[in-house]
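Labels for the chains are A, B, C and D, by order of writing; each one numbers its residues from 1.
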Amino acid sequence: MMKTAYFPGCSLHSTAKEYDASWRLTSRKLGIELQEIPRWICCGAASAQVTSHLLSVSLPCRNLALVEEMGLDTVITPCAACFNRLKVANQEVAENLQLKKDVEEVLGKPYGGKVTIKHPLEVIVKDIGLEEVRKMARRKLQGLKIASYYGCLLVRPPKVTSFDDPEDPQSMDNLVTALGGEALPWAFKTECCGASFSLSDTDIVFELSGEILNGALEAEAECIIVACPLCQSNLDLRQKGIEKRYGKKLNLPILYFTELLGLTLDMNVRELGLSKHMVSPAKILEKVGFEI
Amino acid sequence: MARIGVFVCHCGTNIAATVDVKKVAQAAKSFPGVRFTTDYRYMCSDPGQDLVRRMTKEHSLTGIVVASCSPSLHEKTFRKCTKDAGLNPYFCEMANIREQCSWVHDDREEATSKAIDIVRLTAAKVRKNKPLQTAFIPVEKRVLIIGGGISGIQAAIDIAFAGFKTVIVEREPSIGGRMAMFDKTFPTLDCAACILTPKMVEVSQNDRIKLYTYSEVETVSGYVGNFEVKIRRKARLINEDKCNGCGTCWQRCPVRVPSEFDMNLGKRKAIYVPFPQAVPNVPVIDREHCVYLSKKKCGICKKACPFEAIDYEQEDEIIEEKFGTIIVATGFTMFDHSIYGEYGYGKYKNVTTGLHFERMLNSAGPTGGKVIRPSDGKEAQKVVFIQCVGSRDEARGVPYCSRLCCMYTAKQALLLKEHNPGAEAYVFYIDIRAAGKNYEEFVERVQDEYGVTYLRGRVSKIFERNGRLRVKGCDTLSGAQIEIDADLVVLATALIARPDAPGLAHMLHIPYDQNHLFTEAHPKLAPVETVTTGVFLTGACQSPKDVPDTVATASAASVKACGLLSHDKLPIEPQIARVNVDICSGCLACKDVCPFGAIEKEEIVDRITQEKRWVAKITPSLCNGCGACNTTCRPGAIDLDGFTEEQIFAEVDSLVAGKGDEK
Amino acid sequence: MKDSPSVEDRDLEPKSSEGKAKIAAFLCKWCSYAGADLAGGSRRKYPANVRIIRTPCSARINPLFVWKCLEEGLDGVLVSGCHPGECHYTEGNYHTRRTFAVFRKLLEYIGIESERFHMSWVSAAEGDKWAEVVKEVVKTVESAGPNKYFSKSEEAHG
Amino acid sequence: MVEQLRQKAKELLRNRKVELIIGYQRSNNNIFTTPCFIETEDEVSRLVWDKHCIYNLSSYLKEIKKGVGIVAKGCDVKSIVALIQENQIDRDQVKIIGVECQGQVDEKGQSLEKCQSCQVHIPGIYDVLIRSKTPLSKNEPEESAEEYSAVEELEAKSTPERWRFWQQQFEKCIRCYACRQICPLCYCSECITEKTVPQWIRPSPSLRGNTTWNVVRAFHLAGRCIDCGECERVCPVNIPLRKLNKKLQKEIMAMFNYMPGFDSKNKPPLTDFRLDDPEEFVR
């Protein structure tokens, strides 16, 4: 049993509960014991960065310092934005002693800088291994055509995130292949979905996410899998609006890769949170052999 | 007894403003061995030099310290001055109290104190100086030119015209290099072949120029005036003396493979000349693809050859020749853009490079001058050019600007319009660098008269959509996001050093920079020389250059080479290492560290025991005077003239003496 | 035989430099010496503690020169050459690097403060770097205090 | 083993392979040994071999370079390798009578420190090998982890403490140069300490000159010393010279992965380099 700290982040406790639930379920099955960081705080996301640099580094570092207090050396965080912020902050304090001092003053406690930050994908592909996952899978994806969408934060900047190719990432695609699906080559894997403009300037999201959905459809995808709560909500929640604007039916279910993995591990559809999506994943479930 | 003179220069106010020069001259009077000191406003001026000469004679000085600027500026001046005064020039040393003292300190007292120390140190060294004599070596009056592109061709023609013999060693089956691949040259739009071919022919017909094509330099030993070079003549499998280039063989050959010369856009045979104007017009057999060589079947070319010139058994030949100087003209290669994910990691057929495009434009090229989409051969109507691919990209490519891409991209866009007036051309650029005669005007014309759209910005992504390439980028001048559905994308990839450049550099003992480009002796004042005397650089092996610059450096290197060859004997720097064989124990650690192969094992008869033993022997003409051997020698049997142990010791000692009684 | 410095010679030493660290710097003439010249050409200011000894290549710098400086009472020593790959003699500085990688370990082991010996790569184009290196080296050497390894009082005890 | 040794020595002399054999003979006190020089077959009976043969006889090869046979333990052979590597002797001119060694003892019967981490019970090169009747099962160090414990102990001290330690040691030095004379690799015909122009090292015994001598000696052996320990054994004032030699051996192994005395074809580490040598100490 691999024991690590767990930083769900705000989204996974609110809009992306199904990501949280499906990761907790699948990780247990994969032999990972997640210990949620007690009294964790927001990573600061994009807002802290535009407010104050010191704040944007201190917020993630507080969470990392808590991990050290737990006596653990690794933390897993599924949200791509959290993952990115934690990684960036950790690297910045490692490279800049003055900043480290300033951060420690803000926190009122020392931070040793020894925590490794991992994304679930990295854990599955690198630590556990796809061969192991393939053996565990009780159901196969039956050639389901899947477009893997990574978004911008998970693989960039490559020097910081450093676990997959920044232009043509492969980890989710390889997972899909291992589980018996068809990983589609397409050009929008790392395009921006519009992110937090979802609320402030919806037009931008309509355009950017529209491009992505269109691209997946052109590649003949039956669904898109994602690894970021914001990507999921933009592609899923705004799909109706995009359909209206383009005047064409898309009907592309947007799943977390953890949900897909959960299905092949024969888990409960409802517990995985598959009922929470706007675009119904019914046709996928059917293909994998679940009855609705 | 040493009689040293110290001449302190004011350098106007350059030194005198921060250093109390009078005090320095006064202080120097008490230094060991110093008999005369003075100061003067400009020591390098005629009256200043005269002062040095007069005082040297008047006070019978045996050593001179000039306390002024860096030795890199006036060491030569004052050594000559010393010589004129009747002393060995190496009895003069410079005390650098300007660049390394008055210019870098503000506090007058501190600077003066440091200047006194510098003069003390230099005077201490001069006391231990010894007369050094310049030696002479004979000169072999032939030039080796490595590389037969436009650079090597021009150098060979210039040197031959000056009356000296040259040998061109070219790796490929024909001379001509990259320029032979070009369609037209900017900004005049001369046809590249039309201006290059006559020069190639001249090379082949000139009695003073010998051509070794399909050959490579294997080893280089020796030194200026006396380089010994081994050249591998790779087996063409054709007897060059018998072949007259009739072409029967390659017309009959049944094997068709992609042509390297045409950037794999066209085909050639397994026996081939790379292009019709090749010099020499002698084919070569491609061992990898020849059916006879792999399966012992076929042999059609041999049967077809009317001159029995084909020889499947021919073997590589190693020839040894001697040269006085070497000109390196090995050119460049193109950056491989397939590391760029945003351009599709090299997986899209219709994402090509400038060199591909040149071949397409060429009416004798694989597409007959039609610009096509390599994926389906259809004529390209919309072409996007992207500049700075690999250039100015420290993270993934090279940090420097490749200099020609702005110009050839403009030229290619123009030619596209000329070949197909209905075509659309877009150029993504960072900056337009058109610094050359009529260059800026040319780029203006391409935009204004030919309607090529220039967009200042980078391309963020290229992907295939509906059989075309969707190019996403930005125009930073208007702030607009740009999307273009193109038929063809042409990347202006960086010009980079050849992968084997470091190997050649080691062979020639010339340095190269972090980008593996060969380093000139001085970036401004010795741009075609290298630190190895007798080895010169020309063309793009040193840094990216366009044709006129390349030709200019080729002519420059030729003058340098001819200058050397105009002497029957050459002087060599006297600051070289010596072995005291009485002390040498023959461990030859010095041989291991010598970067020039100047040290070898020699058997001598011991002076005392009369027994034979091994010692180290230094070849003076090979020694460049780095002193690595000196440091390695444990008993101190080796010493470096001009920087002897005694001299450096005296310098250290003088510092200690100057430290005073602080404790 | 060595000339012992005359009494007048010592008296001329300005009082202001008393107590300040004195550092010998051995510089190869192609890169670091030219870099120091460039610092001058661009009027970059730096402390006046360093005395430069010019050598053809950093490989000419015998570690025993460095020892000699420390033995004789200089407070610090700096050795500087071309960046790896940029040696005028193609590979001299690679030998320098190895030699001093070992020699500095020996110095530390017999009890010489590591603050006293420094090495740098300064190219002919790095005038600014030269000024920075001198600043840092002076600061570090001064942090170790004056060289008292063989000061007279101790030798008397010995 | 002794019989075998004498037999082989006799053969070498009889077949004119060598004119002289350097080996060990019993000393006057009947326990220890001293070096001996055998020129005739009759004399071979003087040769002995046991755990009292501590001397590194290869030092004699500095003088006698041709037509010589030499009895050599594994550690001694390392210095022969170094002498070949540094062009001092011709491999063909020296016949090595290698002896399998299970460790040597000092006058008090204590096992030598160097023997405790020995990796060469059987010599690396030889012309003739004399093997023990009860061969060692393994040819590995017994406590290799502790090989550098003495060095590490000193490293752990503060810089002033180390300075004091070595000053106390060097203060004792009487500049007899026994360390140099016994060292098989100190073969220079004129040692740097004898040089007067310039004078690198103050010649008379003084703390300053003594320190310089010991620094120079150690550095001149850096990457070359094969740790036979003879310098320390012969030092009349007991300066722990191996502590200096081992330190440099340790650093060179760590930085350049080089151990002297094993391969005569290699360049010694301080005349060699790699493009990626450590340089974290360079500004």
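Following the convention adopted for this analysis, a contact is a pair of C-beta atoms (placed from the backbone, for glycine too) under 8 Å apart; a residue touches a chain by one contact, two chains touch by 3 or more.
Values in this document were obtained by computation on a predicted structure and should not be read as measured data.
A.B. asks: When contacts are scored as defined above, which chain pair ends up with more C-beta pairs, C-D or B-D?
C.D. replies: Of C-D and B-D, more C-beta pairs in contact link C-D.
A.B. asks: Suppose every chain is reduced to the average of its Cα atoms; which one is closest to the average of all protein Cα atoms?
C.D. replies: Of all chains shown, the one whose C-alpha centroid lies nearest the global centroid is B.
A.B. asks: Using mean CA coordinates as chain centres, what's the gap between chain C and chain D in Å?
C.D. replies: 35
A.B. asks: Would you mind pulling out the distance in Å between where the CA atoms of chain B average out and where those of chain D do?
C.D. replies: One centre to the other, that is 49 Å.
A.B. asks: CA centre of chain A versus CA centre of chain C: separation in Å?
C.D. replies: Each chain's C-alpha centroid was found; their separation is 55 Å.
A.B. asks: Centroid from C-alpha atoms only, then distance chain A to chain B, rounded to Å. What do you get?
C.D. replies: Here the centre of chain B sits 51 Å away from the centre of chain A.
A.B. asks: Mind pulling the residue numbers of chain B that touch at least two other chains?
C.D. replies: Correct list: 593, 632, 645, 649.
A.B. asks: Enumerate the residues of chain C that touch no fewer than two other chains.
C.D. replies: Counting only residues that touch two or more other chains, chain C contributes 2, 63, 68, 85, 91, 95, 99.
A.B. asks: For chain A, what residues touch not just one other chain but two or more?
C.D. replies: none
A.B. asks: Which pairs of chains touch each other?
C.D. replies: In this structure, the chains touch in these pairs: A-B, B-C, B-D, C-D.
A.B. asks: Sort out for me which residues of chain C touch chain B in the complex.
C.D. replies: 2-6, 8-10, 12-14, 16-19, 22, 24, 29-30, 33-34, 36-41, 43-46, 48, 51-57, 59-63, 65, 68-69, 72-74, 85-92, 95, 99, 131, 146, 148, 151-152
A.B. asks: Which residues of chain B touch chain A in their complex?
C.D. replies: 340-342, 345, 461, 463-465, 470
A.B. asks: With touch defined as at the start, can you tell me which chain B residues reach chain C in the complex?
C.D. replies: Touching chain C: residues 27, 30-33, 70-72, 96, 98-101, 103-107, 109-114, 116-118, 120-121, 505-506, 509-514, 519, 531, 575, 593, 595-596, 624-628, 630-632, 640, 642-643, 645, 648-649, 651-653, 655-663 of chain B.
A.B. asks: What residues on chain C touch chain D, complex-wise?
C.D. replies: So the residues of chain C in touch with chain D come to 2, 63-64, 67-68, 71, 84-85, 91, 94-95, 97-106, 108-114, 118-121, 133, 136-137, 149-150, 154-155, 158.
A.B. asks: Quick check: in the complex, which residue numbers of chain D touch chain C?
C.D. replies: By the definition above, chain D touches chain C via 154-155, 159-167, 171, 199-200, 206-208, 211-212, 214-216, 218-219, 222-223, 244, 247-248, 251-252, 255-256, 269-275, 277-279, 281-283.
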